[in-house]
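Here chain A shows up in two complexes: once beside chain B, once beside chain C.
The block that comes next holds the complex of A and B.
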């Protein structure tokens, strides 16, 4: 034990090592704090939805109550949906800065609504977030390089290496030294994360998993440093080689792979869905209204006993052709989604050979901030939208009046999922 | 041959003998070439695709049958933001903004389908473009090649003999700068080849391109200076390398990510839900066309009847429903403009704050200069959004005017069997409506936008230059 303590003291006496460890801890703490502040902001935005929504829907209710027309209620009522950040989201903001986590939808055609974004500043999103995953994936390896590039070559250059090797237990000495550096670096990196995770209510399992992943990722870089050291060059050459490897593994290969993946998996532009859906929706004005209703009832027989259309405009026809418009592009929607999933899947499988990508993918998955989480949110919106349609159709197709009290019966977006 | 060029040649010969150094330079040149080719084809592909989509949308709009004008207001129009030729060098925020927009009456939609939500998640690691290679990777190579330039001589004790042989400290430093500078030139060449590809295209102006060349030249020169300076100040090579890597990591990797975080905190943006609710609230206050007792529209009706000297809307020579639509759209549009201006101001303040942080990170200053000159920064996107809104308003009001003038009030309010047919106006009206054409910023505006960043880079050059002079004096005093 004294030997360990001695090694620790020896390491901390080095100005470079001490500065590196303190800086690592500070950066990790700052990233955790920034991530938690962002998540708190998102929670606050979601919490503020209810009040704004109540005000907005109140005004719609006042207006609709004059006619008690269910179609107008459906047409003018926006319903909020939201995607609450998972407890771990602070560690990896992922796509939550560029994809909306609050979206209002109406019972009208969903394909014209579900791809809408929120207000964000693209210049701020461009460089990427400063969160724990960035510190772990991008910065921690640099600190590992700083601490390990001269583990052995430093002693050789100081003329002590032969003596140390000749001493009994020489090999254990290197192991001890490496372990001390590794443990301190991991501690500096992970303690701020653990504090943040406990404050955010992350489960013990997820916390443990991330500690293990962070440890393995650091060990990968330490192993790489050991391999480079075996080439037998000086400390300086080691540092240069390792920094070059870092550049390739963390910056160059992922950006290159992004180009390759986007080439290999062409995805039709999402705007084509929107265009196609609009054509189908508006074509309904050019054909007999009964034709639209016949088609709608064929696929939605539960409403087929609705009274025939009156001479004047009726919203049930309007909503029927909106829904038919959505259904006409279902194949495109599926293909679009599969393309996105395929791109993400290839990127994730690249993570098996490229630790930087693997760690990032794993963190965003655990934090529910990756593409899969985005698509899951879209699925929840779709399910909610189905409920909305059912709800309003129950009035529209049965010609039931829609009074002020009925607004309170409208479906509400379900409780957000928690892992 | 002067002492300066002798020292420079000696330094270059040493680099040539270093296999790792040669490999690194070759790799970087290849990487740049790959970046040039991929981002050029990418830009060409995107530009062609968007032009094609725009043509498709224009065709769809014009191919509409006879319709009631208000149907066309809801049918709306799709527009796509074209991508300028300089985006092949620096695509800026293009992938991070939506590039298509649906324009319709009563509503202002977001620009949707940005690449960041469609491409592989690896896009968040960065994009392989010539700009990225020169901004992030090239400085690292200069560090690898140059950290030992003077530190090596100091460490091995060869500096003193060199000076005793008659080389002045000034000549030594200038020689080292010259050697590293020629490497910088070498690695910048492939990116400039990309420029040759771009230069031939319409919209590639000489002014912004010259600005970009100047900015990158200043940036690389700055790194040449920083590397040499640190190599002079630090006595051991390894310390020089570690110090330079730290400078690089902080200014190129860390600060560009920390700055947005600070800007986000300092100037929070309202989200869309809150903005939409606020617009609806303001609208109810201004004039609610749904409310039969609304004072604004009651006043509007009275004024309209008075203007035409009639007592009933049925007696107006124009369709009152069209007039209402015109007035309603004018009200909402004013609110859209108001709230958009508020959001744009917040975003501009955020970017200005990042720019201020760019005072300590030349990489941020260069990125802003580069995007500004290429027209791919936030301002470029804002131009698109503002022009889109102006076009939307104009289009919708033309359609509302058609409703007021080409559809009679009696037909518009009729609900009999033949009413639908009488409400429609002929399809050639749609073909007469103007198409959307994005007016990109002119060369002067682009150059002007890139000046602040260029000034920061120049300031840095001056500071590093002065530091080099001082350090050279100290080096000379060591003799």
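The block that comes next holds the complex of A and C.
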């Protein structure tokens, strides 16, 4: 039997160590299962969008076909957008539980539609998400502490350290033991992840990268345990010191850093943008219609040759002031986005000195569940909304009749967009 | 019987009971398995060993007696390469433990005062593990044979060590030492805490080890046990041997005389 197998047997004969490894594996498996269930739920919701869309269009199509009114078609029809989860999303749900991954938009003002969600989604962030990244970042260090706090001090307290040191190659013993514990802990953590990753179709490169990140993160905590052990205290003192470091590095410092970042980079609420856009839209009812159209044509000259507004209500005026409402908050939207990106950039920089923050940021980036992914989805929504507006404007501003069959020509999300 | 491949050193001659007084009379023997020559060793400003010299040949048991702080454990630490002498020479089979600790430790089996083994492993598994650790793996049959030679009862072979007495643990450790076939055995207070029967068993075992040519250095407070098993007894005080006596005749040592002389030196006879 090789020394590695001896060390493995020795570790697994310890009930505490065995229980810790089993618990680590169970937590990791539960987190992977929970993440996969959430991703499956999101996939099912996205898959159901097409049928719901057909039903929605069917509900308004008859009415529209009777009136031939393109404005009614634009006003009453919702068009779905979605952000399909990446294969790795199960491992790090990230912002997918606070930011919408399906948004049904109309050709009306978009910003209010995008930021309406901000009024309720943050509540979902409070409990957090039990996923693999949570287990890796928050829980795995505790297991590393449990397995490594007494690596040498435990032998000293049991009275075996001197005898072991007196063996030839005694120093290699500690390295071997540390490696066995590290390998088993990493295995307990990563095997459930690998199973989930294979089932989710994650690429080999991404899997390998996650394994390396997890290994490096565990090695950071093991190194910390080794540094604490060099102080020469007993196992209890080592455990208490490491638990304190865990509290500081994983909870306290990141929390204070988050507060500091939020203070250093003030960013308004998304709901404030939605409110401002709506106020502007509502105020437009009090503004002379010609004034509204003049402003609209100034920024959309391609429609300036549209026939004059009739005395009666016309949807092109309604859609024009909605669009002007969006344009009136464009600076706030830009500032809001830049503020979020600035905060994320600072947080990512913090990740270079705070491994817990860095690992979480890296996992959400790889899983495409971070802020950048959310903003990219918003960009896709905006591009789609632009195409949607142009589609309906083509009918409204040219007074072309809109028939039931014309719905089939409406742009579809996911199809190639106008460059 | 356990196959012993260690170099069989001739038994040292039984010198007369005339004590070798004072350190400077103990001449270093270059053929000794254990050689300590004029060693000075300090911890900071505290001088622990002050010109200590002793040597132990193969097939000889040397008992180093001394009170607390006399330098007994430091002597073992120097032989194991845990500490480096400030001056003088330390060698185990000709190897300086400070320069080549692994080389020295390959020649040494060390039994601490409290032989603590792995309680969640059986006696055989403990021996199996420690032998593998020391680079001398042995088959189960050989381990069982050594445990028997060490006097461990057969029913204890596969029992976990949780319920073992100190004497039983020592037998396991001695079995490991036998199987390692090392030429040097270092014992730190081996009979401390043992009942009289276990002490007697241990001493018998030690005789057997010595008869196989092993050089044994034991540090102890226990004059009676030392007198029972040692070929020579050195009295350590202030970091040097102040008196050394050699076994002579059937009575071996004048225990009463030794006790009287060293009663004031914290020796627990």
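Here is the rule we go by: the second predicted complex is superposed on the first by the 397 of 419 C-alpha atoms of A that agree within 3 Å, B and C clash if a C-alpha of one lies under 4 Å from a C-alpha of the other, contacts with A are read in each partner's own complex, and residues count from 1 in each chain.
The rule is simple: contacts are C-beta pairs under 8 Å (C-beta built on N, C-alpha and C of every residue); 3 or more make two chains touch, one makes a residue touch a chain.
Given the structure is predicted, the values throughout are model-derived calculations rather than measurements.
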Side-by-side fit of chain B and chain C on chain A, or clash: fit
Dominant contact partner of chain A by residue count, chain C or chain B: B
Touched partner set for A:160, first chain B, second chain C, both or neither: second
Which of chain B and chain C A:168 touches, first, second, both or neither: second
Which superposed partner A:251 touches (first chain B, second chain C, both, neither): first
Touching partner for A:134 - first (chain B), second (chain C), both, neither: first
Contacts of A:275 with chain B and chain C, given as first, second, both or neither: first
Partner chain in contact with A:3 - chain B first, chain C second, else both or neither: second
Touching partner for A:241 - first (chain B), second (chain C), both, neither: first
Angular separation of chain B and chain C about chain A, which is computed from CA centres of the superposed model and rounded to the nearest 10 °: 90
Nearest Cα pair across chain B and chain C, whole Å: 15
Shared chain A contacts, counted only where both chain B and chain C touch the same residue: none
Chain A-touching residues of chain B, taken from the complex the two chains share: 20, 24, 31, 34, 38, 42, 49, 53, 56-57, 60, 65, 67, 71, 74-76, 78, 80, 92-93, 96-98, 100, 102, 109-114, 116-128, 132, 136-137, 140, 144, 147-148, 237-238, 241-242, 245, 249, 253-254, 256-261, 263-265, 268-277, 280-281, 284, 288, 290-291, 343, 347, 350-351, 354, 371, 377-378, 381, 415-417
Residues of chain A that touch chain C when the two form their complex: 1-3, 6, 9-10, 13-15, 158-160, 162-170, 173
Sites on chain A touched by chain B in the complex: 16, 27, 30, 34, 37-38, 41, 45, 48-49, 52-53, 55-56, 59, 63, 78, 80, 95, 98-100, 102, 104, 112, 115-130, 134, 138-139, 142, 146, 150, 235-237, 239-241, 243-244, 247, 250-252, 254-259, 261-262, 265, 267, 269-272, 274-275, 278-279, 282, 285-286, 311-313, 340, 343-344, 346-348, 350, 356-357, 360-361, 364, 370-371, 374
Chain C to chain A touching residues, read off their complex: 80, 82, 102-103, 105-106, 108, 110-112, 114-118, 120-121, 125, 128-130, 132-135, 137, 173, 186
